[in-house]
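What follows is a single structure, and I will ask about it in a moment.
The letters A, B, C and D name the chains in turn, as written, and every chain counts its residues from 1.
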Amino acid sequence: MDIFDFSEGREGYYGDFGGVFLPEILHGTIEELLQCFRDCKNDPNFWTEYESMLKSYSGRPTPITYLENLSKHLGGAQIYVKRDDLNHTGSHKVNNVIGQGLLCKRLGKKRVIAETGAGQHGFATATMAAKFGFDCRIYMGAVDVARQRPNVFWMENLGAEVISVTDGQQTLKDAVNECMRDWVTNMADTHYILGTACGPHPFPEMVSWFQSIIGKEARKQMLEQTGRLPDKVYACVGGGSNAMGIFQGFMDDERVELIGCEAGGKGIGSYMHSARLAYDDAKVGVAQGYKTYFLQNEDGNMSETHSVAAGLDYIGINPIFSHLWEQGKVRFEAATDEEVKEALKLVMKTEGLIPALETTHGFVTAIKEAPSLSKDKIILINQSGRGDKDIFTIADALDDSKWKSFITGKARDYDLEKN
Amino acid sequence: MGIKTFIEQKLDYKDILVMGHVVCGYPSFDDNISALEIMEDCGVDLVELQFPFSEPSADGPLFVKANEMSIKSGTTVDKCFDFMSKVTSQFSFKVLMMGYFNTVFQMGEREFLQRLKFSGGDGYIIPDLPIEEAVNLHSMSKEFDLDPIILMTQTTSEERLKKLGRSCSGMVYAVARKGVTGSKTIMDDSIESLINRCRKYTDVPLGVGFGISNRADLDFLRGKADVAIIGTAALKAWEDSKQAGYRQFFESLQLS
Amino acid sequence: MDIFDFSEGREGYYGDFGGVFLPEILHGTIEELLQCFRDCKNDPNFWTEYESMLKSYSGRPTPITYLENLSKHLGGAQIYVKRDDLNHTGSHKVNNVIGQGLLCKRLGKKRVIAETGAGQHGFATATMAAKFGFDCRIYMGAVDVARQRPNVFWMENLGAEVISVTDGQQTLKDAVNECMRDWVTNMADTHYILGTACGPHPFPEMVSWFQSIIGKEARKQMLEQTGRLPDKVYACVGGGSNAMGIFQGFMDDERVELIGCEAGGKGIGSYMHSARLAYDDAKVGVAQGYKTYFLQNEDGNMSETHSVAAGLDYIGINPIFSHLWEQGKVRFEAATDEEVKEALKLVMKTEGLIPALETTHGFVTAIKEAPSLSKDKIILINQSGRGDKDIFTIADALDDSKWKSFITGKARDYDLEKN
Amino acid sequence: MGIKTFIEQKLDYKDILVMGHVVCGYPSFDDNISALEIMEDCGVDLVELQFPFSEPSADGPLFVKANEMSIKSGTTVDKCFDFMSKVTSQFSFKVLMMGYFNTVFQMGEREFLQRLKFSGGDGYIIPDLPIEEAVNLHSMSKEFDLDPIILMTQTTSEERLKKLGRSCSGMVYAVARKGVTGSKTIMDDSIESLINRCRKYTDVPLGVGFGISNRADLDFLRGKADVAIIGTAALKAWEDSKQAGYRQFFESLQLS
């Protein structure tokens, strides 16, 4: 089944989801992008160049690690992890960003813009822009700027201009809106590097295509390392790019179950979460250029969302998943903030891995389900990113008192310097 | 009387019409009424009533804030329609709904058109709804005799202008420059050539919007366009000095 | 030439340097270690297991990245970088740590101890210990604990006990002393994972052997990617493990010049540096178990050292380098703190790389020398680690005011929480 | 008279000798003299004068601090030798230099031995200098009639004890437990068996050190070892209550 094999007149649609809902002024730009993307997709040299750049710059292929200790500890299925945390910049975001960078070069554009929530995508984009020599502007909600200063610091030092967005909830979705605004103003020389498999066509398809490198590698590696395919594949789902990335490797394998793990935040019924499919609170709508399940009220205004992981804290989900979910091809579960903290601690101590908070949502569900599977079952988790850049968030989440006194000490030093 | 006829009739004795804009419920519905009264006093011909949306991605900062504040203060779609009924019964403007597609989508397209009609509206402008996605809505609109206002832009290709032209109804909205609402547009040859390009593909009246901000802009458009669409400039006047500033702004346009 | 092919009675000596200067009580332990290491070195399966673990856990082989922008910018030699920053835990330290972990398993020991300065080696050791299921204690100078809290935070969360050492200068060398003290007490069940190619034999040889994977890979990759060997290879030198690692790939290649880059701190004549060979301030001595060039006074008491990079801030240098330097096989240069800051900024902006402060010392010298080389020359820099974990140090080094107000804001939040 | 003869002669009328320890210059050279006076009053037979070193990796916390403070207050190797001259002329102890190898290495081995001899020392204990690295120094020491004190430990193999035995001169230092100086050692069978093992490979007098801290320990060693070596326990007494505590500590040992 090729989900990107659109039927006549349904280009960009996955069942009822997807499409292009953009101001008329962007029509030409998005057409140009679509055309260029089609050219890239049909040009085998493009993929070769893409792979080779990821290899030499980002260290792909990333390995698969067998978690012997965690598997034993849980006493059920054998757990494997795809290590996209080992990428340059620390997450799978770089796959998409390098792909779009190459495409931007083809488009002949010299400036890139991007939204970012946690900062991972902005960090990856700023890095890519430095490498490609593009001008770069990153839009980031003011709330995220405040809580993700380390990423802002790096983006700025990589030469990007970081704009703090003070509209709306001042988080990811508002940064997306600002990107749209910049784009309709500067589309002649600017490419919008959307960070996840959301937004108007061809973004969901394009981002999924670039991320499919994860699944391609993973399928091959699992066969090499275990002699067979995994029984279940878990990935966290914000917009859905890392999950689409790994799932695509197993889409045609009927017996591999695919499980997307959303941000359950403060739990079901709390209305403080970002679970679009795992919980029952979202409905279909149109925003930010595409149609999908959104967390919104009866008027169609978007709800406040919440997650301990900024990168999952988003109103919508990639339209491909809305379709695959309705088709029963992908199961969706949610992990709460509390569950995430516990799982993170467990994984650090048993395996020496530090998954990003986003990523840890995938671990939670796998850890819940592994014990009831027999020992000859194999499950695979996508480690989309590393958590060591999230120290402020993780230390806060774990309420680490030594960290807090370190910070207050630092602050005292800075105050003294000033005087 | 449809929008097209309305504009054409007025053009018999006016050389250019003006369309104004309010964001429903911002700063309040009462303030909206004051604004509309001033516009009516000063000779504005049509108004867009913007239904606030949480993700107004085609709007500039001033309108973004207006959308946000309005929702925060409790504006709902129901209240917007009620307000539209009041406006259409109390004023002589032609009234268009302006908003984002999710508002329509959530209530259902038919229900939306019914309520729009029932509230006395004459058409709608939905900037994030391209014609490809609007086939149903547009054809249903004919049943209700409502005009979907199509936008044409400087970046639109000839081929696409032709296609858009075929969907036009009521009037066409020519977007004077790239970008979102909000900043000043320099009136120059490029605007004239945009107008000429649009005219080639449709015979409905032509409005020009985005960044029209003073009497000189109107003078420039006179004889070229049929309607000047004024948004941010007026809202800015309100923000600066409320009713007084608003009245002064519209008076300075010297509409007849 | 095999520098590890010791002549009769000179086991563990490189020219006049090296040896074993340890309390008698450790004699058996160090003999046992030496024997086990010899077994490992002679067992081809050991290296295979080592490589395969680094592959699946740490993402080796790390790639070589061509720095097209920086090369153009400097207008001279073509610059390539070996990307050991892409390793799990973010530096080359993991190579040594995984190797010693496997060896510790062979020794049948269940507890590991390690010294750490910057925290990179401690972080890597804590990670390895979690993965191997060892008890783990990390000794770290109190000054370093205070300035490297993020690494302490991760080590603790990985399950290690971090001991703050309050003796002496309270930095790396004092942590080494504490490790020795722990070791003489607990040698029966404890292996001391020394973090660099220093200390008593067989540590310099052993650490070099594990790190030689860098040079092995790099030589092969350079031949594949450029069709020939580099003209010059640069690496920063703290204890000297990453430099030994990459240099070993080119030791027999007469025409490849090897350049070690030490910490020039506040510059020549400042006595605030850690340049043992590049400056003229060090002399031969015996401390911490081995004989080499040390920064010391006429009585043989060690001098205070300084570097913006905690990982280079050390009194001694690996004895192999003392020998190779005297033999003229390796040239030594120093980079000052100021030069390091400038080079870091340049590399971030032109290439989207964030080398660790330690690593950046290698870049400084390469950047100084590249412009005067012709365009057909090729140079290779070893990127021993990534800098994103050093945000506190780098932000301080770059004196970033937005960072400082972020920290004081955070501190205010924590204070409010308490009340 | 060499150390061996000295000890053997004393053993004619004493059943166990005691060796004390000071860190030169800590807290001050004057305090060192007070300490030595007390030791002499109380019947101590030999003393180690530790030359402070910046990296005393075989010492425990108390001595580490003492080394550090002494260097900080300006103690140099020259001053240590001067002090040794003073001690050997003023007191009747046998005096050993104790320190780390770098101190010797920096001045040169021959120079070191010359100065040690000149200052009246009888030998030296260098814990970080294994016999393999000491070949030269040991053979030169014979010229100067100085005794290098060899350490034997519980972890030392028979084979190695044999080898160490061949290098012994003056006395042998049996290390009563693993670890650095500083904590209490429990006197038990393992100590007895260590002593027996050491005796098999050398006929020089045997001292036991590391953690000897009271009269009971001495009683345990009596008849088994020749010299009890006391370090940390005495320094701790000094730290707790200066001369008074120090005297009380040595008096409590009831040396004859």
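To be clear about the criterion, contacts are C-beta pairs under 8 Å (C-beta built on N, C-alpha and C of every residue); 3 or more make two chains touch, one makes a residue touch a chain.
Since the model is a prediction, treat every value here as computed from it, not as a measurement.
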*Check every other chain and keep only those touching both chain A and chain D; list them.*
C
_Under the document's definition of touching, what chains do chain A and chain B have as common neighbours?_
none
*What chain is the most remote from chain A, judged by the mean position of CA atoms in each chain?*
D
_Quick check: how many Å separate the C-alpha centres of chain B and chain C?_
66
*Taking each chain's centre as the mean of its CA atoms, how far is chain A from chain C in angstrom?*
34
_Taking the mean of the CA coordinates per chain, how far is chain B from chain D in Å?_
98
*How many Å are there between the centre of chain C and the centre of chain D, using C-alpha atoms for each centre?*
38
*asked:* Two-or-more-chain contact residues of chain D, please, as numbers and ranges.
replied: none
_Touching two or more other chains - residue numbers and ranges from chain C_ = none
_Can you tell me, using the touch rule above, whether these chains form a line, ring, star, complete graph or other shape?_
line
*Between which chains is there touch?*
A-B, A-C, C-D
_Interface residues, chain A side, partner chain C - complex_ = 55-59, 62-66, 69, 83, 86-88, 90, 126-131, 133, 146, 149-150, 152-154, 156-159, 225, 345, 348-352, 354, 388-389, 391-392, 395, 398, 400, 402-404, 406-412, 414-415
*Given the complex with chain C, which residues does chain D contribute to the contact?*
52-61, 64-65, 68, 71, 76-77, 100-103, 105-106, 127-130, 132-133, 150-157, 160, 164, 175, 178-180
*Using the touch definition up top, name the residues of chain A that touch chain B in the complex.*
19-29, 167-168, 173, 176-177, 180-181, 184-188, 283-289, 291, 294, 296, 298-302
